[in-house]
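You will see chain A twice below: alongside chain B first, and alongside chain C after that.
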Partner chain A sequence: MQFSYEVKDSYTEVKGSGRLNLVAASKLREVVAEVVAAGSSRVAVNLEETVFMDSSGLGALIGCLKAARQAGGDLRISGVQPQVKMVLELTNMDRALTPYPTAEAAFSDD
Partner chain B sequence: MPASPGTRCAVVIEDDPDVRGLLVLMLKQLDFDVVEATNGLDGIQAVRESHAALVTLDLGLPDIDGLEVCRRLREFSDAYIMMLTARVDEITRLTGLDTGADDYVNKPFSLKEIQARIRAMLRRSRATPTVASDELFRAAEVQQSLLPKEAVMLDDYDVAGSFRPSRSVGGDFYDWYQTPEGLQITFADAMGKGMGAALIAATVRVVMRSVAGRAGIDSAFRAASASIAADLEQSGSFVTLFHARLTAATGRVSYIDAGHGLALHLATGGSVHRLPAAGPPVGVWDGQQWPAAEVDLAPGDSLVVVSDGVLDSFETLEDFMKHVEIAVRAQPTADLACQAVLDLAPADSAGDDVTALIVRRLGTDARQPAGG
Partner chain C sequence: MTEVLARRRFRGESIPESIEAVHTELDSLWEDADFVPEMDRMTFTTAVIEVASNIIQHAEPVGQIPVELGVDISVWPTRLVAKVSAFNAKEPFASPPETGLPDDDSEAGRGLALIEALVTTVTFERQAATNIWILTRKSRTVA
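What follows is the complex of A and B.
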């Protein structure tokens, strides 16, 4: 799984396709750390093409969320697929990581 | 017979003595320590004991077939498995299946060809240092040591747990201990894999045991989770945790679910109800608290806790619940029911540990004699 990012007006969109597992998790952490270090602490992770996420993947999202908040911003997710949604709900993490329909919508309200 | 440092061990599973002799000779030339097995079950045992790096596996064995051997090997071994078959058309069929084998060779084979393939394999695997497999092996040992060794002897209840580690070793464990009132159980899944996850699991087990004597589940869990969270903070990890206390006389279960969400209550009448998590996993947020909830086990009811490794085999939660229910209800004992739940996750696709724990309150017509 490879991640790319694109700086938008009020946020930075991070995108990746495939399975968000142990291997992909560390890549996601690196990419988000890079984005935040570059001064963009409002991060939208587009999960449209992420078909699977395990506990390591969830751990990465949580770690990135904390990093973004520490930098004064936030991390939001969009395009969440059924398996990922299920993991978020089961673990009760859908409250902190609320799925938005699109990356654009994730930061449209503020 | 673990391989000494620097040497690799290979296991030859082959019933034909001539072919076996040839393979052994060829592998010795490649500096392998070689163990021979003439049937599937001995072969599995040999791979387990030797931590073999390479296995040659005949498809047609006298006891169990090569595909089954391969499936069972993949439950614990990362060895390079080369499957040998006498039929050319078999290879085409096998490559289409997810057998778990790394390579297929047609018999009669050329020794040169096999040696070339093994050399290529050795070159590829050099990228994976042996330290990593050592670490995984130790992590697996840590994980095994976390499981309860003593059976639960509780009148009118049948309690069992079962655990199958993944090839990469995750952080699942379950634990139980009897109390004057009944039973306490803990079911946890530490994020990630390998030694890190196994050590976190070990910590969680000790901490949960340390609060077993506290009067209320709320205060016990509050103390335990604060202590675990402090440990987790440094590692940036978290643990999903299901903890329950059973009062045997009434069947009342008080439980706290921190981000696990995979405990099911199977009632005798045919209903199945999932106990939702009351908050996120332990270690996600500082100062988090989780409210306790209660569920009553009537005679014939079961409490089934399953790890997400089993869930991964299903498209939806409903599908998962339905299959777990069918698997559990079809079995006469908690132990067999646990096995049936584990079997829902195919061995070759299980990238995660799979674990199940079942507390069944015996029905009035199904009471077993004490200790039976």
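What follows is the complex of A and C.
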């Protein structure tokens, strides 16, 4: 899985392309830790190109959400594909990680 | 008469990289078995990867030989079946596993609940230092 990030006006967009599984979970944690350490605690994770997520990947997202909140910000997700949506719903995590249509929309309300 | 319509197998080291190899086998299986409904492919793939990841993360070797991961996935006319094995592994459960969902803050512990929600049956067997999970999902693959 490939990750990249881009600093925007009021948030940083992290893009993940591929499968968010056991292998990619630690990479996501590293990328978000780097973004937060650089001073950007408002993180939008764009999952448009994330075709698969398992419970390891979900665990990493929750860890990153906690890291962002501890730094005074938040983490929001966008562009969720059907398999990722299914995993969020079956684990009841679609409340804590509400999917937004786009990364831009994720931080547009505040 | 029942017969296997498509099948893939994997056996390799119980390391995170093997997950990608199992994914590749699953993708290749669905190419052969494109008649399986998309929802069944998605749910079954997720369940198989969950069990394989659980083995990679938690299985401990019995002796000096490292744990090996085995996956055997088959498509039948009315069901999907996966046999996911941890070879040379200790018995996994000291007590019956928790299957409910943890708090929203918890970063682990959702795998078993997810597996149960995704398949029709999940059974566990232990034979000669091998832990075997058998997953089935009803799927009407032939019209």
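The rule is short, and it goes like this: the second predicted complex is superposed on the first by the 110 of 110 C-alpha atoms of A that agree within 3 Å, B and C clash if a C-alpha of one lies under 4 Å from a C-alpha of the other, contacts with A are read in each partner's own complex, and residues count from 1 in each chain.
Basically, a residue touches a chain if its C-beta (ideal position, glycine included) is under 8 Å from a C-beta of that chain, and two chains touch if they have at least 3 such contacts.
Computed from a predicted structure; not experimentally measured.
Chemist: So, on chain A, is it clash or fit between chain B and chain C?
Modeler: They clash.
Chemist: Applying the document's definition of touch, where does A:82 land relative to chain B and chain C: first, second, both, or neither?
Modeler: A:82: touches chain B and chain C.
Chemist: Looking at A:92, would you say it contacts chain B, chain C, both, or neither? Reply first, second, both or neither.
Modeler: both
Chemist: Classify the contacts of A:105 with the two partner chains as first (chain B alone), second (chain C alone), both, or neither.
Modeler: neither
Chemist: Is A:62 contacted by the first partner chain B, the second partner chain C, both or neither?
Modeler: Both chain B and chain C are touched by A:62.
Chemist: Looking at A:23, would you say it contacts chain B, chain C, both, or neither? Reply first, second, both or neither.
Modeler: second
Chemist: Does the superposition put A:37 against chain B (first), chain C (second), both, or neither?
Modeler: The answer is neither, since A:37 touches no partner chain.
Chemist: Figure out whether A:54 sits in contact with chain B (first) or chain C (second), or with both, or with neither.
Modeler: both
Chemist: Just one of 24-32, 186-194 or 222-230 in chain B hits chain C in the overlay; which is it?
Modeler: 186-194
Chemist: Let me check the overlay on chain A: which residues of chain A are in contact with chain B and also with chain C?
Modeler: The overlap between the chain B and chain C interfaces on chain A comprises residues 21-22, 52, 54-56, 58-59, 62-63, 82-83, 86-87, 90-93, 95-96.
Chemist: Would you pull the chain B residues touching chain A in the complex into a rising list?
Modeler: By the definition above, chain B touches chain A via 168, 189, 191-193, 236-238, 240, 259-262, 276-281, 284-285, 308, 311-312, 315-317, 351-352.
Chemist: Hey, which residues of chain A end up touching chain C in the complex?
Modeler: For this pair, the touching residues of chain A are 19, 21-23, 52, 54-56, 58-60, 62-63, 66, 82-83, 86-87, 90-93, 95-96.
Chemist: Would you pull the chain C residues touching chain A in the complex into a rising list?
Modeler: Where chain C meets chain A, its residues are 16-17, 19-20, 23, 42-43, 45-46, 49-50, 53, 56-57, 101, 104-108, 110-111, 113-114, 117-118.
Chemist: If we count contacts the way the header does, which residues on chain A are in touch with chain B in the complex?
Modeler: Contact set of chain A toward chain B: 21-22, 52, 54-56, 58-59, 62-63, 82-83, 86-87, 89-93, 95-96.
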